[in-house]
């Protein structure tokens, strides 16, 4: 079977992953409305393509927080990559480096930060943090990440408690016994989320700032009010995210929330978005609406499930080719030419 | 089979109830448009969740007409609970008391008010009234309820005649011979609705007021005009309701009508809503739009059908957990923090 | 099988009529978009029901052009009733009289006007006219109708040519050899529509006026501009109609066009509507939006197909009961209380 | 099977064409959203038909760039007609001439321009150009076309690169070995699109102007900005087109873009539209919104697939009959009476 578009990888993963793993990756909260809306919302945005521009030389590179990446698509933090492929996050790190893009490693990795670093030295990586009730454990993680050369710290803001994902409850989801949340080994047991601290507030951004010189990116912002707070608390970046629709169901689609956040931020910090990216033209839409870069979650896992590092590279390469082509067909030869004039919201 | 969400109880009830009972509970008027709209309308409301608030200590209690309940979900008046479970309304009363919430017992109960009271002494209960052509019969019922410690009188306003529920007509629905509308035994025969008085008007609110010191709550209001009349006639509360879509088909969904009623009432009386509540986040939406509490009808019957008192407690507990979680994920630690800023109406 | 609502009659007719007859009655032009929109448009209208009004005594009578009918539903002109029932239009006339309402007999009847009159002496009837190229033939028909006691002349304005109904083309539809368009026998052959005059204009209303003292009702108006012209040319009534979606596909639903026409006419002539009426509450919506009466087409044919005169009475009685009930549940005790305040257009 | 409407030809073609050919003709880019939107958008436009106008004599002729055609429907440029019928573009040319309308022959024809001309001498034809990296090759083509009596030069603006059509990728689409892109034989190989020049800009319109005295029509414009540029660069006509949804997916439907382009152009040049025309009433809608003529792509190929020249004539004749009928039913006796007053956009 030819792997032509991301849906092919999705179909493959659904067919070959163990049901409990597929369900875990696919899960959305409650009725999965927001998970699905993330995708549907892209379909309500229409291009206004421009013709007869010279698109013979295409430049799709961009920079995030000063680092150049080969195209504006990175790997969002997702947990438990060994559920998708034996080498887990090591494969993810290698694929991201091979494609010259950014990989945000999750607190819930099944490889240690050290293993991830060693697998792909020199790759651009950020570290995603859940704050532990035992703050010393979190402090130690942040400092390990900085020492290992991670270049950004991503604070997840939308998981004071874990969302209700019905299939995981039905399946009694837990990691197979041979996998571990290695970065936290001993610190807590995965299936009870209680070690995560639901009392985290904006003030904890100052605490994080005191621990590290890394830029802080906050993930999970969906409103202009919170975007304003993020800027005021001195973060360097915002990832507009609803956790793939796995936390509060029936919040906004991320591409819709992006518009509101970009407007509030007014260029003071970089804004990224994840959720619902399935085609290169989705990337173009997100950039037209003000995102500096997008991050993919489930599609990266499908790539891993297909062929590990190589499969994830396939996924990234397809997105790259599609993104380049859609840019050209919309009349843009470089990322700097992408702007809001390229899109309109369908009234339907 | 794990009972994870309310739909699981619905599926169980559909499978195990006698068809005639399932059909009666499920029935909507005519094309069932309003019955289904009650649910769909919730899906058109989107949250605007706020992040990084301290939600480590959650308080989901509220008060209705001065009485504290454990969370803002009560049991709406529905008829014929013995169709769902042998102990009928006695089980309902016990479950409501166990969960520390309010149960509105229907005129069409298959247990007497005395039996209901005796089953769960001390529980918070209101009594729902249909006005009889024989006003003395209604007066006697109201006074029995007050004497038994019921703490509110709910006047149903939307049933001058019974709506046309096609399946009930096809099934020739009537109560099995071993069940009775006990509160009215002798006073009328259920299947012909003629004993109900279609000449009831707003003036009859004054008549009720003259019979009892109980607070009067009017149920079935859908417009600002009627909400204004209710306030002017001195009621203490309004239940925005379309009778589960069983009366006039193609009226508004209750969550949509709630907005209009809350705006008209401007805090002069408490406003509640029933119809279409299927998830804890629906409760959060209703409260964000101004409801003081919601009431569940069919889901309570599904709980009874599953395991009587215990099954209804399961339903309430699931709603409670989901409500608490959705509050936390939206950034609210107590009911007092819930407000209109949390929601927006989708344009789709 | 119980006949509970109009869909039951539709299902019966679809099952028992010869396919060629069912297809002919069911046909819409082209993609049948307008045929189906006529029904869907009603579903976009929401009631704003009012509570606690005295609806113990219901009066659902109305008057059209001065004649009282038992409720505001008449029989629209449709052709070839013998395709539905052996006695054809004679049964239709009897049922309309029995239910004390108005029957508009079509030029394309399979009984003569004389047979129709004789079948139900004293019934309220109007005659629907297609203008013949041979104007003398039309003049003779109009004068026969007047002499026979028909009380209105309905000029169909939307059929200069017959719409393209794909199923009729595929079926090679023509009347069975034992049926005839008796009123025009000899004057033309049905399947070629050429005898109808596509040059008819507004001036021909004056010509008709010169032929008869009957009130003239124009059928097929869909715009404010044509409504204004109708009033200026002295008609007594307008039937907002798109010929059941059988002529120009993708014009407006009639209930939507009604609003525009009523606004233009401002009470100067009576306005009626046909198309898409399937429930008593549809009648209530049409009246709320300004129609004086509605006419049913296909549902009348389904009634005939079920049991002739008796079946059509069943259909009318169901509509009558549903209309009365929906009025009561909306808080109206008489037709005069119905107004625009009862409805709103859904934004969805 | 009776061929009653264009869908019948589509069904035939899908059944009888080789899968690889059907897929190639049917293909849309990516998710095929725009391909399907082209059709759906027509369904959101509603007629406002006018009654009682004299439509006994119908005149459906029009002129494009000064040449009279029998009705406002021409043949859009599509490639590889031999995939549909052995005689390929020769049959197309004959059918267009027989129906007295305009045929735009594609650069990607499987017959030479000389063969096409010889097949139907005297027919009205335009030539569609893709600009070659080797400009001399393009110059030679343009001049051959002019010499052969082609009367217009259509520059396609929306194909700097070929869109991603998943089925073609899966099928490994390429022409069967016995077919050739004859006009470019030797100049390039079809399946690699590299010979096409992605550096073409508006300035190349001036270059084309220097090569030929033929009127230049630009095809693929979707925005007011590009429409303005087209007028300023001196083209004689604009075809609003999204290449049948085969290039950038999720751009606007052409009938929606038409409104914007017509408004920008304000009559300075003729505007045409292709994409989504499936019924005569679609043609009427396009004209009402300002198109001078429409062009059909896939339906012409279905006609060829059915019976070559004869099948394409059938398709055109059906469209012609439907267009004439819809004009009459909307109250227009000639093309000059068609205007924006005839349509409105549905809010749904």
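Read from first to last, the chains carry the letters A, B, C and D; within each, the first residue is number 1.
Just so it is clear, a residue touches a chain if its C-beta (ideal position, glycine included) is under 8 Å from a C-beta of that chain, and two chains touch if they have at least 3 such contacts.
Bear in mind that the values here come from a model prediction, so they are computed numbers and not experimental data.
Following the contact convention of this document, no chain is adjacent to both subunit A and subunit D.
After Cα superposition, the angle needed to carry subunit A onto subunit B is 90 degrees, rounded to a multiple of 5.
The two sequence copies subunit C and subunit D touch through a face in which the numbers common to both fall below half of the numbers used overall. Centroids of subunit B and subunit C (each the mean of its C-alpha atoms) stand 42 Å apart.
A straight line joining the Cα centres of subunit A and subunit C is 60 Å long.
Listed for subunit B are no residues, as none touches two or more other chains.
Chain contact summary for the complex, subunit D toward subunit A: residues 30-31, 33, 44, 157-158, 160-161, 163-164, 166, 169-170, 197-202, 204-205, 218, 220-223, 225-226, 229, 247-252.
Touching subunit C in their complex are the following residues of subunit D: 2, 4-5, 43, 45-56, 279, 281, 321-322, 325-326, 328-330, 348.
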